[in-house]
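One chain, chain A, appears in both complexes that follow, with chain B as partner in the first and chain C in the second.
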Partner chain A sequence: MAWWKYVSSRKIFWPLVALAVLMAFNLFFTPKFFRIEVKEGHLYGNVIDIIKNSAPIMLLAIGLTLVIATKGIDISVGSIVAISAGVVAMLLGGDLLGVPKYPIWIAMGTAILVSVLAGMWNGMLVSRIGMQPIIATLILSVAGRGIAMVTTNALIVWLYIKPFRIYGQGYLLGLPFSLYIIAVLLILTALVTRRTALGLFIEAVGINPTAARFAGINAKNIIFGVYAFSGFCAGISGLIVCSTVMSADGNNAGAGYELSAILAVVLGGTSLNGGKFYLLGSMVGALIVQTLTTTIYAFGVPPEIAQVVIALVVLVISLLQSGKFRTMIAGFFGKRELAI
Partner chain B sequence: MSDKAPIVEMRKISKTFPGVRALSDVDFRLYMGEVHAIMGQNGAGKSTLVKVLTGVYKQDSGEVLLEGKPIKPDSPLAAQKLGINTVYQEVNLCLNLSVAENIFIGKEPMKLGRIDWKTMNRKAAEVLARLNITVDVTRTLSSYSIAVQQMVAIARVLDSSAKVLILDEPTSSLDDSEVEQLFKVIRKLRDEGLAILFITHFLDQTYQISDRITILKNGDFVGEYKTDQLPRIELITKMLGKELSEFSYSTNNEDKAKASAKARKDISAVLQVKNLGLEGSIEPFDLDLYQGDVLGLAGLLGSGRTETARLLFGIDSADQGDIFIKGKKSSISSPRHAMMAGIGFCSEDRKNEGIFAELSIRENIILALQARRGVLKYISMKKQLEIAEDLIKSLGIKTPSAASEAKQLSGGNQQKVMLARWLATNPIVLILDEPTRGIDVGAKLEIMEQILNLSREGLGVIFISSEFEEVLRCSTKISVLKDKAMIAELNGEEMTESGIMRTIAGGR
Partner chain C sequence: MKNWKKVLVLLVAVMVIFSVSAVAAPKQWVVGFSQIGSESEWRTADTKSVQDAFAGDPTFVLIYSDAQQKQENQIKALRTFIARKVDCIVFTALVETGYGPVLQEAKKAKIPVIMIDRDVQEADRALRLTIMGSDFVKEGEKAGTWLADYLKKQSMDDGKTPIDIVELQGTTGSAPAIDRKTGFANIMKQHANWQLTRSQTGNFTTSEGKAVMEAFLKADPKIQVLYAHNDGMALGAIQAIKEAGLQPGKDIIVIGVDGVKGAFQAIVAGEQNVTVECSPLLGPQAVQAVSDLRDGKKLPGRIWTIEGIFDASNAAAALPTRQY
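== the complex of A and B ==
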């Protein structure tokens, strides 16, 4: 049983189990769920949709994982998505013939830059002024919607620039293009945090900020950095959101994403109490969240109760992931066996 | 007193944790109207035994009897309901609530569905009066000293059903007069018939307060003794399982003074402080520390020992004065600056300011070194393990592996991990604030031995301890503090316990 102990003690294990269970459910109850067709050289199907649809959440979850590891939280990422989408749409312009106002790379670069600035604003409030993360980012969460509305003049801007489609709708080698963006960002983040001491410092700050300061770690800069990075991730996420629907809607773009992303991170094994973080776990978490939504609809649950069902499943998954709960259950069944 | 039946009897208690046998066949008896101390080194099983009694852990075998009937509390709350109450070392109270609220939290007297404040405040005052404390119970707890807070914690668990009171290191943050006050309360409660289990690392206090002592060693039951029939030296030998002479070491101050005087001729000061001070924290002081010196800071609680350390390490910024490290003026305005300049600091508050509980021992050890090298120059895993394992070995840290989480270690071993963290950075000056607090005698001696070894290797050490005896044992010279000021430096033959006390008593 040594291998079992080793495998089940890995943080990624339980999120993967949850995902596998969801998939297995689909295998039995929703025919066609795993059917993947090739159309026009691209892969189509529910599974591909899940990956495509979870892309914005996955990107947010990468940034949020680091923020949460420092015992922080960033609830402004949904609004930053809208800002990023608004900025890129404004700079590309709604020209019906598809002629961009500014070159695409300038528009995208500016959108990301603005998003990073937004993240730095959060980071400044939290690390320099010492504001509580949830309050600090709540400010931008509210104000960000307003900023996003300003960028689009409170209109929904439609884009007709074909090359911009690729980020949200395009395919490369048969797979959604956004998947590559996620892969690159994930690998870079993993390299930067694990191949340098950054990951250790982030965890140290999250576990014990005072001790981190006394060990000579510049905790303020670390905290500032993770919020800026979260803004960066939200910026990229905003580009993909905008490209997917080829429009920018200051009011609705990215609305509620922050909660899905936080859920993804937590399902992935990173504790809201800060400390050890699991980037890959967060990705699995995002897939769980999206698979769940897709499953619910594919299974034919009426939309009016879908959210409740999702909430229930999330509750079950969270309980299963809690070691304490598992011990409790094991104890319960253990006793019953003895009774028989 | 053996004619009475014990109120609590634990028989042949055994408890195994993965890889560790924490208790094997331990017996323990607690009588009404007695104070019983459990003694033993770290890892002896004291806290495990208490946790079995209070329902935190479940024993693997053996039974617990309360008033002759077997009990199986499955949580501290269940134990409380049976009349077994615990006051923990770290006072678990709400500083922002009133004294009365703290006493009655969770069991507030109600009237018409609302809290009956009048009754609550009156009752709170009554309970405290039982402990000889008169305070305004409507004021917030934070406005009172730790000693009063401790009393409030005791008051909280004292109601009519209390039969057993467990005090876990209640005196570790109290000064002498506060300890005396607490002891009065303990004696009063004892005389009222309560059975009290007292856990402390202070030998003196054990002898002052306890009637009976149970000694544990490495999870084994060594014996139960009447306190007045157990000489100290026997207690120590039984706890450590070795003769005292084995760990005696040079405490000859003359030798040390000579050695440092000799060294001083060809070695310049590693740390010089001129007129460093901070309004409201500590009055300006001077300080010279030479290579191989151990400067002891002696003083009563609140005399400014920790404040001195905080200024030197840049936690608080001085509003005047200069620090020179190896003759070079250094501006130290943050711990990071201090570290880069070659100063290390082990805080007295291990839990909140030192240890990263969820990080591995390896990570805990290399953290300061890594911070010093910067985020990009990541120490390779191989090198990290090498450093960690070297230090684990040389400091004698008891752990199954460098990968274990730091929270699994006992207090003394955590302290060694802190020491290891700073030794890894190869510091010029190491400040140790109460490195021996809350750890057992054996580990204390080991840590003091390490400090002496380090100074021999040329490190400048500043050693802070509230126990003069420890300061005297380790230091080559001593600065005496009183009322937030450094009032004298003692050298050579002046360095005696009475010398320190006379200095404090006599002022300048």
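== the complex of A and C ==
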């Protein structure tokens, strides 16, 4: 049983099990779920949709993983998505012939810059003023939607600029373009946090900020940094959201995304109590969240009960993740050695 | 401390006198308008339309109040209107319930109340004068009737071969979603071969409309008609149809509701077939109703918004005049 102990003690194991169970359900009960065709020169199928549609949540989850590792939380990311989408849409302009008002790179750069500033604002409130993270980011969560509305004049801005489509709808080598954006950001984040001491610092701050400070870690700057980074991730996410539907809707863009992203991080094995974080786990978590949504659509669950179904599945997955619960179940069946 | 209180009382007294005199001095009619907020661009267009229409008539003074999606704000605003003795109250109810007492107060003060767009609950309807707004059931019926005509014109419907229809619903439980579904279903009943193969909520948003349509297209490759409860979802679905290598508007007939500018542009481009108008431009009709009221005319218990239906035959001509 040594191999089992090794495999099941990996943090990524249980999120993968949950994802596999969801996929297995579809394999048996949703016809044609796994069929992949080639259309218009790219891969086409439900699985591709899951990857493509989970991109915005994955990006948010990368930033949130680090925030949650410091025992913080950022519930403003959904609003930052709307701000970023609004800024880029206003700078590109809704010209019917597809002529951008400002060059695309300036529009995108400005949107990301504004998002980083929003993240820095959160970071300042939490690290310098010492506000509780949920309150600090709640402020921007509410105000941010207002800012997004002001940016777009409370109208939905439609874009007709072809080159901008690639970020949310484009494909490279048959795969969604957004996948490559995530891969680059994920690899960079993993390198910076795992190949340097930064990751250890973040975890130290999350476990015990006072001890971390006495150990010579500048906890304030670390906390400030992770919120700014979360804003950065939300900014990129906003660009993809805007490009996916080629429009910016201050009211609805990114609405509720913060909760999906937090769920993704938690399902991925990072505890809300801070400390150890698992970037890859968060990505699997985001895939679980999106697979669940796509399954609801593809299987044809009536909208009246869809939310209840989602809640039940999330509950089961969360229980599956909990070591304590698994020990309890294993104890119940008298197989204690299976417990972790 | 005591002095401060006196100053405060004095200040309030002065303000009350001023406001009363401001209302009393001119012969203008003062109308209080309580809006629920600005949650969508439809609402923004609605607010602007009412404000502009009353501003355009010098015999009216409009007092505008935004409830910011809170009922207590709205009730507070209505009480302020009553205290200021406005001549007429125009308001959109945020929710159906809870307006009984404040409407009683308005009735006692003999201030007529005209509802716009969203009504109060059945029991309180005797307390308000009239309601003006769109008939969502009729919008669904119009969409169904348009489809029947179109299929007939294209000779696509022989009455026997099944027609596969998918539906993108609005926010689950909202009045427009329930009624637009009902209206369309009423027409479907008359066509035995029309079948609703899939129906799911897209929450009235473009991104969810797109995601749901993506899944529909994979599950059911022979979808012929898409009926979306608003244009936003239809526009999202159009992008999903294109990504599936199909031609929206040709391979799949696309029907939307609302009549937003984006839909008109899509109709002109041949990607959407039709939009059933649900006009937020209630201002001119509201001014008309209040004028009639001032002239002592009797208002009907229900005033329907004047709304059209736009497809390839008339969308291009109407596009430059669209305001929302």
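Odds and ends about this structure:
The rule is short, and it goes like this: the second predicted complex is superposed on the first by the 334 of 340 C-alpha atoms of A that agree within 3 Å, B and C clash if a C-alpha of one lies under 4 Å from a C-alpha of the other, contacts with A are read in each partner's own complex, and residues count from 1 in each chain.
Going forward, a residue touches a chain if its C-beta (ideal position, glycine included) is under 8 Å from a C-beta of that chain, and two chains touch if they have at least 3 such contacts.
These numbers come from a predicted model, not from an experiment.
Bringing the complexes onto one copy of chain A puts chain B beside chain C with no clash. Once the two complexes are laid over each other on the shared chain, residue contacts for A:A298 go to chain C alone; chain B is not touched. Contact with chain B, but none with chain C, is seen for A:N208 once the two complexes are overlaid on the shared chain.
Looking at the superposed arrangement, the partner reaching more residues of chain A, out of chain B and chain C, is C.
By the touch criterion defined above, A:G216 reaches chain B but does not reach chain C. The superposition-derived angle at chain A (between chain B and chain C) is 130°, Cα centres, a multiple of 10. Looking at the shared chain after the overlay, A:L272 reaches neither chain B nor chain C.
Of the two partner chains, neither chain B nor chain C is touched by A:I134. Applying the stated contact rule after C-alpha superposition, one finds that A:A183 touches neither chain B nor chain C.
In the superposed model, A:L198 makes contact with chain B only, not with chain C. Judged by the touch definition given at the top, the superposed model places A:L315 against neither chain B nor chain C. Between chain B and chain C, the shortest distance over C-alpha atoms in the superposed arrangement works out to 31 Å.
Comparing the two complexes, no residue of chain A contacts chain B in one case and chain C in the other.
Looking at the complex, you find that chain A touches chain B at residues 195-198, 200-201, 203-204, 207-208, 210-218, 275-276.
On chain C, the positions that touch chain A within their shared complex are 38-41, 44, 169, 172-173, 198-201, 203-207, 210-212, 214-216, 218-219, 232, 235-236, 239, 243-245, 260-262, 265.
Residues of chain A that touch chain C in their complex: 30-33, 35, 39-40, 44-46, 49, 53, 96, 149, 154-156, 158, 169, 241, 244-247, 249, 251-253, 255, 293-294, 296-298, 300, 302-304, 306. Touching chain A in their complex are the following residues of chain B: 313, 315, 334-336, 338-340, 345, 347, 352-359, 363, 367-368, 370-379, 421.
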